[in-house]
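For reference, the structure I am asking about is given below.
Naming follows writing order (A, B, C, D and E), and every chain is counted from residue 1.
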Amino acid sequence: MNVIFLILILFLVGAIVTAFAGKWSSLLQDGLFILAVTIPAVLFFTQVEMNQLVGWTRGGIHLELGLTPFSYFFAILVLLLGVASAIYSVGFMHGKARKSYYYFNYLLTIMAMLGILFSRDFISFFVFWEIMTWASYLMVVMNGTRTQEIGIKYFVFSAIGAYAMLMAIVLIHAQTGNFLIQDFIDTYPSLAHGRQILIPILLLVGFSVKAAVMPLHVWAPGSYAYSPMSFTSVFSGALSKMGIYGMVIVFVTLLSHLPEGGLIRDIIAWMGAMTAVIATLWAIAQDDARKLLAYSSVGQLGYIVIAVAIGTPMAMLAGLFMAFMHGLFKGALFMVVGAVEKQTGTTDFTKVTGLIRKMPWTFLTALISIIALAGIPPLGGFIGKWMLYESLILSDHYLLVIVAFFSSTAAFLYAYKFLFGFFLGQEEEEWADVKEAPITMLIPMLALAVGSILLGAFPQLILKPINNGLISLGFSDSYGKLWETSTLFNEWGDKVVLQPIIYAIMGVFLTTLAFTYFRNRKRTRYVSTKDISTSGEIPLAHENLTFKENFFQPFLRAVEPVMKKQIDWYYREFGAGLEAIFNFTRRIYSGNGQTYALYAVIFLIVLLLLNGNLFGQ
Amino acid sequence: MREKATTLYLGPQHPGITGNMMVRLKVEGDTIVKATTEVGYLHRAFEKLAEKRNWLQTFTLMCRFCVPEPDPMEESYSRAVEAIEGRIVPERAKYIRVMMLELARIGSLLLWHAGQAGSTGLYTVGQWTVGDRNYILDLFEELTGARIYHMYIWPGGVRRDFPEGFADKVLKTMDYLEGRLKDYDNLMFENSIFQKRTQGVGYVSPKQIIERGVVGPVLRGAGIRSDIRIDDPYEVYDKLDFKIPTETSSDIWGRALVRREELRQSIRIIRQVIEKMPEGAIYNKVPNPQKWTIPPGDALARTESSRGEIGFYVVSDGSNKPRRVHLRGAAYVHAMTLLEDVLVGQNISDVSTIMNSLGTCAPEIER
Amino acid sequence: MQNDSRSQKIVDIIQAYARRHSLWILAYGTGCGAIEIPSTMTSRYDAERLGVRGAATPRQADVLLITGYLTVKTLKRVIRVYEQMQSPKYVIGFGSCAINGGMYWDSYNTIKMLDQYIPVDVYISGCMPRPEAVLSGFGKLQDLIKAGVADGPKRYEENFDWYRANQKKIIKNWNFADYNW
Amino acid sequence: MEILQYIFGGIITFLLAFVVGMTFGGTRRKIIARIQNRYGPPIYQNFIDAFKLFSKTSAVHHGAMHYMGPAFLMVSSVVSLMFIPILRDGGWFPNLNFHGDLIFLLYMMVFGSLGMALGAGQTGNPNSAIGVTRGLAQMVGYEIPWIMALVAMMIQFHTTSITGLMDVQLQSGTWNLFASPFAFVAAILASLGMFRYAPFNIVGAPAELASGPASENGGKYLFTMMSSHSVFAFVKLTLFADLFLGGAGNLVELLIKTFLLYMIPVLYGVVNPRYRTEQAVRWFWGWPTVFGIIAIAYAVWST
Amino acid sequence: MDKGKRFDTIRARIKENFVLSQDKIYADKNRLDISVSKQRTPAILFFCKEQLGFIHLMHVGIVDWIEDGTLELVFMLWSPTEKLRVYIRTRLNRENPVMENMDMIWPQLNTYEREFKEMYGIDFKGLIAAEEFLLEDWDGPPPMLRDFDTEAYAQEVFHTRPGREDAQDVREAIIKRSQEEIPDFAKKYSRQ
């Protein structure tokens, strides 16, 4: 049996076995679960060879699976996060209900993502895509909180994406006669102009939903926030990148042949930019860590979309590097939230406070990941941001730089809020006996944080696979030009050398820290956070000294006249529209078999019309 | 159970507070959702101590009631005592008293300039005005021998006549001050940032102001022309020509404009006083303070200070000690209840500005 | 450094110089004497030329100015503020009220002797002390620092129990954390 | 050996920046005092203050971040300093200016705010947290015109490195102040916010927040923060001199240029009260941003 | 006199509605004194404020008449239009001072009542305010009552600096200490 099949089947078998193992022993189930992730992962990294295709034909349809260098890069991300999050899940799900359900869907999701990356034909691609969607949907509704609203949003938007994609696939089949991706790419330049525009747009709609590009991002905040945190780190860190994966392929292979390709790319880049800005502003306004990170994920995906939409070699490198970094730090941050949720029972900033001395390692993870998120050197986040800005300036997208930089600076606000919200501030009585998270949760978190540090010093570890993937997609070898040993170049010849930066930062940091720590060490005493200068007054017991409510009100008040109206309008209108869609879907899924049949007929008619003379031959 | 809103303590040790008092602010974001004033940090029990002191010893206590301008306190106490006893004050003393009161008003308004500007971060004006206030204090010093607590206006008149050339010195100081006012205008009142910080902030509705019995520039800033100097004239104010400025906006800006104009009117009054002042005695001598008894009776003497009316209610039971001296400061009625209302919904940045604008003076509540 | 007494001496001299030429006073107008502080700090008297300037919070301040009488309620805050200050720290008692209660000598709510409750380095007499007197008080404090006798924190530490007993005698509800030295 | 050279040069540069920054701060106090009709402290007063803070014999801490906040602040200023050319030919200040570019510097310079904010957060003082929210909001405000000015320069001269921008001025013989005047205006207006003098001293506004994030920091922490601020002032001034005034060939030139630049925020600050936070942020998105857009348009048009 | 006439009308209008225990006009001092029982006080205050235009409460004086066993409250009203004063006096039993809360008539009465409650122990029924006003952790009797001896309390509680208690002539002490002569100008103020 081919190793690719083996991996997928192992996942599937593992999912089923793990799900049932819970009946006998919880410990056995945990062990099986970890094995079910790690064994295929090890198999993948040791056994799978590049560009090795497996295909078979059934009923006139030829299906193919294989690994390209480009999907190899995404597979690294998926498996890395998959394994880390799986170990974390064991700790996180300990003692929680519906563990089997969780494990089953988790494994299924990982399998589906790998399946997508393996797929070399549209049918298997679509099938895995749908498995991924369904499995993650089941995760979103798992907690049972606000399932109606959140689940249906996710479902509806996924359905929109799926239909768009399905339509594209049908159109493609009509053109090429088979479902092979490569065949379609080869025939694409010879298609009619209308088709040439329609098919990529339909595909992009499908991918944009997963990548949460505005205006198709409405599902994302809720779904990220309300699925179990251990899963969200995969959901936001890896699953959303499947959209990026698809988008890059569309951009590179299809739109580059199209005269209007530049325009479409620019539009998508601007959509990404608006996503970044608006989601960032919304993230600033959140009081719940899960929602804050959810909006932040949408915003960060916005940058990635900007980068891949611009599509110069350096922007592509930047986008994919940021995608990987986002997987690392956002995965870690969601794990942090999960740890806090597990230990305190809530993720509300206004409730939890001052955990730094209770959960120091969790705080360390959060600190490193936040620094990476904010794009501060020397961590990996900076390298992505640097390449993004340089490529935007060099490709004459001046306003995009400003917008991207604005949301990147504004991201500092929610980054600070996240750290301050949980870990800093007053240490309150009610959280006095909070313990550090269990070791199974700490290790994956810290591992991801270490990854962020590592990529700051040695970005070539991941830039090289990215470059290989891009070469396989037909890009020139930008690796050699843009990246020499620990030096970032742009095409104007400006450079950033990483080693001196790291040495300088570490040197100054440690020196100053040593100074502040050792100066008067003996006469420096620890005082509790209650002993602060409260203007001489003695605080009463019930008085709250941590500033949490309406945290960034002055900033939000400043952006109010510029943004508030639009955000309000946007969300009100969109909310109203959404409600209409919900009502509509409720009617669609009426449970009446006859109606379903009717829909099928309507859908077929639409397809036929589209396939027919509507767009010309 | 922990409260939702954050508690901020404005005072007692805080650069933004106007005196030794505390405002307990509950904030959500930048907005104040609840404000509670707490006083009592300065309670020295003057009124209690007055029980054991004779009429003149009490006088030295009473001028220490609220420190920015002690002269209206001296004036009120003296006038209340005179009213019960029926003691006549010589005409010249009345003019000198008016001059003292107006000089004190100028000094206090200059200090207010410093507070109001400093609370918005404009320290230069504060440095200038407090520096220029020293010239007023120099005049006090020359006339009375003290910078702050003069104990100069006392029952029966004033304690000392003008030294030689003093009137000219006063006029010269007034000329100097009038020249300086342009500088303050340039930096403070014509500064667009100061205007932005004050216009529309700290609004109190005129209805509320009347209900609460708020007095002084706050009342006049709400468009009500009310001033003890005109409504219930004392000393020689009815013989002098001056205007009572009013503004209708009832915000910090309006009150600031009122005070700005009052400073100019005070300079005008002082010039008139110097001009019209008659020669003659300055003091209707009181007997030996230990034996000085005052017939039974009570009186309320009100004086318009720079912060509003100050009332002294003095009761005598016929002995050589006052039965009761009860003080009513300008800020007594509004410093707590009104401040608590006004601050709700305001920005944290504006608390200090509002307190300065309302003329909150903690010792007037506590005594 | 510890053994080399000469270099230690030089460091000590520089330290003493820096300490006496950089006195940050805590912005706490405890009593009516606070009215002369603006005059002292501003243009005519300009205490900043001596290195005296205001500090907003006790952690940053060097000098605690007790400007006049202290009521029992304020004393409680003053003790808290004093204990939050970082040593070396100095206390200046300002005006007659701080020395012996002044005219409030028989008041039931003001303390009469400040040095019973916190260690005082310099008293400035007067009601009010004029700005010149305040400046000379600062000068006196500078002399004391130079002579090395302005050791309030040390006295407080050594006689901590005595001070605490005095404080607790008049402050009935001691609802803040005890100071651990 | 190269590393030793860098360390040695770094220390010298730091000392220079410390001394110059402190002296400038003292000069500022003197100038303000003179405007306020006062004699003012000696211009070396800041050194005395700093040494006094350094020699405080006791300190408190509220936890690990309390130590790390000032350290982060120091990292921001000193590392930025090391990546900025002090003189055109390096000379005694062999720093790392060929190893980083403007975008790196942008991030390095904002890093201090975030680091200090974390340190302030650990203290648990609500004033600190409020000050931090104000500071971050203001930062988002002034970063917009600032990045616009920088992007305009980058577009106009086709380089993102500071040394590149200095070379451009050397070759053309004109300062960038004249070559791209709008960028200069936008950058200078943004710098008003960076220096945090009035009217943008909203972070530690004493009458409102009792010195904000620094509320709980005295002694050694305040010393670190004070040195860092001084160094950072020098960093900003040198950066402006490098970008717009052609850099400096020798120390005297550098001091004159930086001092003149320093006078802009100082003198603007003396006569103005403080903005409220949202007013300040909006101010930066008004005229400064307009100038920034004009600068970009001018740069696109002129290339 | 015109003022007297206006006072007469005011007194007449008050008398139409209320029974007064005593009243007196001091026309030269612009004031009309009215004494009422404490039960009628809120009503008459309200009447004066709403009907007669005495909208400004200048002050509320309180006097402890320990000999009579009463506490006298004096509400001093001012009419900005008439420019006249009305003093409304009422007496409370000193042993058990109880009165109705009146801060709905003038909100500033809230502050006054809080003070009187703390300083004189007057119980205002229905007053909503914090327990403590000026005194913190005070466990003694209401301090402003005349039978509270502040000097004895101060002597007992506070440390007093020596040299104060004998109230000696300071000049003599100075002479003794420093062998100085009293300057001539100062001699006439000397007690001898």
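Quick notes on this structure:
Keep in mind that, in the parts below, contacts are C-beta pairs under 8 Å (C-beta built on N, C-alpha and C of every residue); 3 or more make two chains touch, one makes a residue touch a chain.
Values in this document were obtained by computation on a predicted structure and should not be read as measured data.
Taking the definition of touch as given, a chain qualifies here only if it contacts chain B and chain C alike; those chains are A, D, E. Each chain gets a centre from the mean of its Cα atoms; the one farthest from the centre of chain C is A. Relative to the centroid of all protein Cα atoms, the closest per-chain Cα centroid is that of D.
By number of C-beta pairs in contact, the leading pair of chains is A-D. Centroids of chain A and chain E (each the mean of its C-alpha atoms) stand 73 Å apart. Note on chain placement: the centre of chain D and the centre of chain E lie 60 Å apart, centres being C-alpha means.
In this assembly, the C-alpha centroid of chain B lies 21 Å from the C-alpha centroid of chain E.
The distance from the centre of chain A to the centre of chain D, each centre being the mean of the chain's C-alpha atoms, comes to 35 Å. Taken residue by residue, chain D touches two or more other chains at 36-38, 54, 56-60, 126, 130, 206, 210, 215-216, 219, 276-277, whereas all remaining positions touch fewer.
In chain E, the residues that touch at least two other chains are 135-136, 143, 148, 150-151. Touching two or more other chains at once are residues 6-7, 12-15, 27, 30, 40, 43, 45, 48-49, 52, 127-128, 131 of chain B.
Applying the touch definition to all chain combinations yields A-B, A-C, A-D, B-C, B-D, B-E, C-D, C-E. Within the complex, the chain C residues that touch chain B are 26-32, 34-36, 38-39, 41-44, 54, 56, 58, 69, 71, 73-74, 77, 81, 103-104, 106-110, 127-128, 130.
Considering their complex, residues 354, 356-357, 360, 367, 374-377, 382, 385-386, 389-390, 393, 398-399, 401-402, 405-406, 409-410, 412-413, 415-416, 419-420, 424-427, 490, 492-497, 500-501, 503-505, 507-509, 512-513, 515-517, 519-520, 523-535, 545-547, 551-555, 557-562 of chain A touch chain D.
If you check the complex, the residues on chain B that touch chain A are 1-7, 9-14, 17, 22, 24, 27-31. On the side of chain C, the complex with chain A involves touching residues 28, 57-59, 76-78, 80-81, 84, 87, 175-177, 180. Chain B makes touch with chain C in their complex at residues 12-15, 19-20, 40-45, 48-49, 52, 60-61, 64, 67-68, 111, 114, 126-128, 130-131, 133-134, 137, 147-149, 363.
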